[in-house]
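Shared between the two complexes below is subunit A, which pairs with subunit B and subunit C, respectively.
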Partner chain A sequence: MNSAQIEIQLIASLVAIACAIPGTFLVLRKMAMISDAISHSILPGIVVGFFITQDLNSPLLIVLAALTGVITVVLVEYIQKTGLVKEDTAIGLVFPALFSIGVILIAKNANDVHLDVDAVLVGELALAPFDRLIVSGVDIGPKSLWIIGIILLITITLLIAFFKELKVSTFDKGLAASLGFSPAIIHYGLMTVSSVTTVGAFDAVGAILVVALMIAPAATAYLLTTNLKKMLALAMFFGIFSAISGYWLAHLLDASIAGSITTMLGLIFLAVYLFAPNKGVIAVMYREKQQRTEVSLLTFLLHLKNHNEVEERHVNHLREHINWQKVRAKTVLELALKNNMIVVNNDIVSLTKKGDTFTSKAIDYIITNKDAQIEDMKDDFFLFRG
Partner chain B sequence: MKKLLFILLVYATLSSCNTNKKENGKLNVVTTTTMITDLVKNIGKDSININGLMGSGVDPHLYKASEGDVTKLVNADVIFYNGLHLEGKLVEVFEKMGSSTKTPIALGEEIDKSTLIGSDYFASNYDPHVWFNIEYFKQFTKKVTAVLIEKDAKNAKYYKANETEYLAKLNTLQKTITAKIETLPKDKRILVTAHDAFNYFGKNYGFEVVGLQGLSTATEAGVKDVQNLANFIIEKQLKAVFVESSVPKRTIEALQKAVNAKGHDVQIGGTLYSDALGSAGTTEGTYIGMFEYNVNTIVNALK
Partner chain C sequence: MDLQEYFSLVFSDYTLRTITLGTAILGAVTGMLGSFAVLRKQSLLGDAISHAALPGIAIAFLITGAKDSNTLLLGALVSGLIGTFWIRGIVKKTHLKSDTALGLILSLFFGFGMLLLTFIQKQPNANQAGLDKYLFGQAATLVESDVWLMAIVTGLCLFVLLLFWKEFKILLFDADYTKTLGFNTKVIDILITSFIVLAIVLGLQTVGVVLMSAMLLAPAAAARQWTNSLSKMVLLAAIFGAFSGVFGTAISASQTNLSTGPVIVLVASIFVVFSFVFSPSRGLLFKQIRFIKNRRDLELHKTLAFMYHIAETHENISHPHTIKLLNNFQGFTRKTLQKLVEKNYVTLDGNMWSLTEAGFKTAANLYTKQTTEDE
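And now, the complex of A and B:
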């Protein structure tokens, strides 16, 4: 591994962390789309800043782009408040308009500068280590590393300073307001940080990768935990992991680095989406299957409770009467036996005392919908959870 | 922050056991377009390591660096590129490299600017497709030789001999091409291609050159451009138009359909190599082979 390769992975990892922090809050606030909007609508800010300074690395670009980012949010909310359209429609109205202003500005005035839409959207991570920052003759590392490092430092400082406020205003706006800090200020603060991060990263990794790094790791972490601190940590971990594994995927395929990182983000999300312990697709499928069996069990127990006649409780009769397939009947029977709810004597099934109380409680619950009585059953049965 | 420190630590360990090695003391030369790669191969032959960034069929206007290119650039001692903003963002990167230990050489900057064709699109205001003028390519050859000699003096004689040999080949090429083009009547010398890559070719050999997409392949052809060009083709009674290996065929095919719809039969005369050479190992994979192939294709189709 040579120094350029290390620097690329370092830049990618720093971008991943810097994106994961605002990304987590955006995902929790159900505002993921706004990061896509910001990443596009900052273009006019960048173009105007470039016209003034003639330097793609000037801090003025970041300031102006952050400003257009905030303007985007203000416009989106203004349109949304009219009540005529929904939030996603408002986003869809605002960012293409701002983005196209940027495109027109470039086409009209910037034909002879090296600023094209393509570079803004895709970036060129592979070339980042060759643009060095030289201070009084000494090479102190790639420029993008410094830019993103400073942004990350600011983001982390803000996160630590305003963690409580961010947390409360994300989960309970009313409470935040009554505690004396304005959710609006936190909201715009978060939007400003998102804009600044997007601008700082766009030159190195491009807007598409920024959006991917903001949303995908946070969404993946969201599937695994309900704790905010854990979610932040997991989002950062997934971001860094995708950045580095994506880099080596690119190495293996000799392909675009940003493209490979985005692919890894997608693959990791897919894996977690399928295999996450609680919210994963497979876990949900298993739970639904269990719930179906439990509904059958309840029907079966009810039948037993309602019939004292021996012939109604014969194993063979049950199969015919409730009309279950053999396999299902067997599963239900075994489940009931395992929980000591029934006893089988000479092929005659009877309820035990435990089975009898369980059935009464369950029926009560279904009728009254109060769950105080079944607290102790929740651990054994999915049916009564949530 | 702990995580960051950890990553740094891992990197430090990994990198310490895996340092760069200069292969057998040979000069590491990185080239951009296939034309320049071929040229440098002819001068340096096996006494230098040549790493071309762009493969055959790659459009230099739209080139994206891959992971492997990073290592090539890191290990480069000398970088030869076309410049005049042909290679997009790469040019920008090379220009900033001036202060490092690498020597980036923009071959296009060697040419006397007053002889270049101007353009509104490119930042430098010059058409960068200079390799279609063999005289310019000879200047490239001389510059490459001079730089190689400066960097690797012990092989100076070898490079000089290769230069003489290659310049002789280019002179022969100039003669064969001129002779071939002479067989085509002057009024039939109209070249319609996908983008404006052949202006220098046209200027030298008396062709009127019309490109559908303008100088950069990044811009798209509009409906009006296609219609105007179709009318032009009918007016001039052209027999053939040409596709380019590094530009998608569909715009030229649209043009052909537009012309056919107006009742004039125009053929696709063949594929020309404009911004990139053919696959390595084939005749069209060398600059000389490519030039001969292009001229034969053009002359045979328009005759």
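And now, the complex of A and C:
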């Protein structure tokens, strides 16, 4: 690894952390699409800033572009408030318009601007190490590294200073307001941080990767934990992991670094989406299947409880009576046998004592909906878990 | 070329005619289907789908190695549909909300698409240039066969829309009721979503991945302001969309260095802003005017009620009082007084005013009407 490679990975990792922090809150506050809107609509801000400063890394440009991001949020909220269109339509109307203005501004001044729309969308991380920051003749590292480092520092400071406020206002707006935290200040604070981070990361990784780095790690982490601190930590970890592995994937394929980082993020999300222990698709489908079987089991036990006649409890009759498929009937029967709820004598099914109490308890629970009675059953049956 | 020249050339020049027709048809079909997306609160779905289509284009190119726009669009369609159904899967099976799902699919698919595009660019194949036109679209690359394809798809959309109009409409406004009526809501839902995906994919070549969502939303959002009827809204959205296409093409053709996609989007946005402000029933302007008018009426009533209370204490209701008396009361202006005179509720005599019989009656009624309304 040469120093440029290390620097690229370092920049990518810092960007990943800087994005993961606001991203987590955006996902929790159901405002993920706002980050997409911001990342597109800062384009005119960047273009205008570039006309003024002629330097893509100047602080003024970052401020101007971040301001455009906040203006986007304000505009979206204004349109939402008029009630003329539904909320998400407002987002969808504002950012393409602003983005178009940006694209047209670039196109009309193509000769004076060293700004390429493609690069704006995907960035060019590979070139980041070549733009050095030189202070009084001494080379102190790539400019992007410094910019994103400073933004990250500010973000972390704000996060630590206002962690409590952010947490409360994210999960309980009413409580936050009644405790005296202004929801508006926290909201616009978060929006400002998101905008600044987007702009700072924009140059290095482009608009789309910023969105991916904000949403994907947070969403992935959200599938694994419901603890805010753990979620933040996990999101940062996923961000850094995909940044570094994405870099090497790009190296391998000789393709865009931003694209491969996003692809890594996608693969991680896909894996977690499928295999997450409680909230993954496979776990959910297993739970749903299990619940279906258990409902059948309960129906079956109830039927047994209601009928003492031998002919009503014959194995073959049961299938006809409750109208189950053969396979399903077999699963249910086995489940009941395994739990010692029934005994089968000469193809006649009868409830055991355990089965009897279980049925009464379950029915009681379904009727009264009181949790206490089934505490001990929750461990064995999905049916009674939330 | 200026605008006038454009319109004189549009019927004779092959390229201009093709592009104009293409963007007009595209605007019409996206406006039509966009109405459904907007009303179903799926506005941002278009954004997600258009981004999600990119890897499909790249993969179709990698497989066929040819830049035939039909196969590329087929790839885009498949990948757009996968994206759509994945979004539904995420929302349905996990506790992630729809905005997160949209953002995820949008950025992840697009990033993957960019990876593939950059990968393709490095391939020793001279054929790959121009794939990136799908990012921002290039209306100039439209040829007659593309326009035919658009026209056929639009016709198909129209046919299906008319055929299942009742089903679409009822699903849109009351999904539960539709289910109880015995319609297969899932099939209707998939049908309409697939057509939305199809329309988006069609527009990629012209408007591009990034701005396609606006083509879907803007005409529909504008049309929504003018009517409360679905059929009128769909029709209006189609018209707005078509006009955005034509005007956008005209403006971009009349200037150098203006790509068509962004201009069309801006024209459509202008339609939206205009509708937001000037729509008679919902527009901001008329709302404000109504608001001011109501406030004036209210103040007029307040003044009248105030006069009534003074007059009440006198035996003769038309007993004159000085105007100064009204100064305590803030609702009073020379204009409101003039208005009251016009309505024949009050007579003025120099500095004195007196309530007329009619004015007294109205004021009394006003009061009782208010109390009955309060109850």
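One rule holds for everything that comes next: the second predicted complex is superposed on the first by the 370 of 386 C-alpha atoms of A that agree within 3 Å, B and C clash if a C-alpha of one lies under 4 Å from a C-alpha of the other, contacts with A are read in each partner's own complex, and residues count from 1 in each chain.
Simple rule for what comes next: contacts are C-beta pairs under 8 Å (C-beta built on N, C-alpha and C of every residue); 3 or more make two chains touch, one makes a residue touch a chain.
None of these values were measured; they are calculated from a predicted model.
By the document's definition of touching, of the two partners only subunit B reaches A:D131; subunit C does not. Once the two complexes are laid over each other on the shared chain, residue contacts for A:S256 go to subunit B and to subunit C alike.
If you count the residues of subunit A touched by subunit B and by subunit C, you find the higher number for C. When the two complexes are overlaid on their common chain A, residue A:M236 makes contact with subunit B while staying clear of subunit C. Using the contact criterion defined above for the overlaid structures, shared-chain residue A:A4 touches subunit B, although it does not reach subunit C.
Of the two partner chains placed by the overlay, only subunit C lies in contact with A:M31; subunit B stays clear of it. Contacts of A:F269 after superposition on the shared chain: subunit C is touched, whereas subunit B is not.
Touched by subunit B in one complex and by subunit C in the other are residues 118, 122, 250, 253-256, 260 of subunit A. Those residues of subunit C lying in contact with subunit A across their complex are 38, 41-44, 46-47, 51, 89-90, 93-97, 99-100, 102-104, 106-119, 122, 132, 135-136, 210-211, 213-214, 216-218, 221, 224-225, 257-259, 261-263, 265-266, 269, 272, 276, 282, 284.
Listing the residues of subunit A that touch subunit C in their complex gives 27, 30-33, 35-36, 40, 79, 82, 84-86, 88-89, 91-93, 96-97, 99-101, 103-104, 107-108, 110, 117-118, 121-122, 208-209, 211-212, 214-216, 218-219, 222-223, 250, 253-256, 258-263, 265-266, 269, 273, 279-281, 284-285. Contacts from subunit A toward subunit B in the complex involve residues 1-6, 8-10, 13-14, 17, 111-114, 116, 118-119, 122, 124, 126-127, 129-132, 134, 139, 156, 236-237, 240, 247, 250-251, 253-257, 260. Only residues 1, 3-4, 7-8, 11, 14-15, 18-20, 62, 64-71, 73-75, 85, 88-93, 96-97, 99-100, 120-123, 125, 218 of subunit B touch subunit A when the two sit together in their complex.
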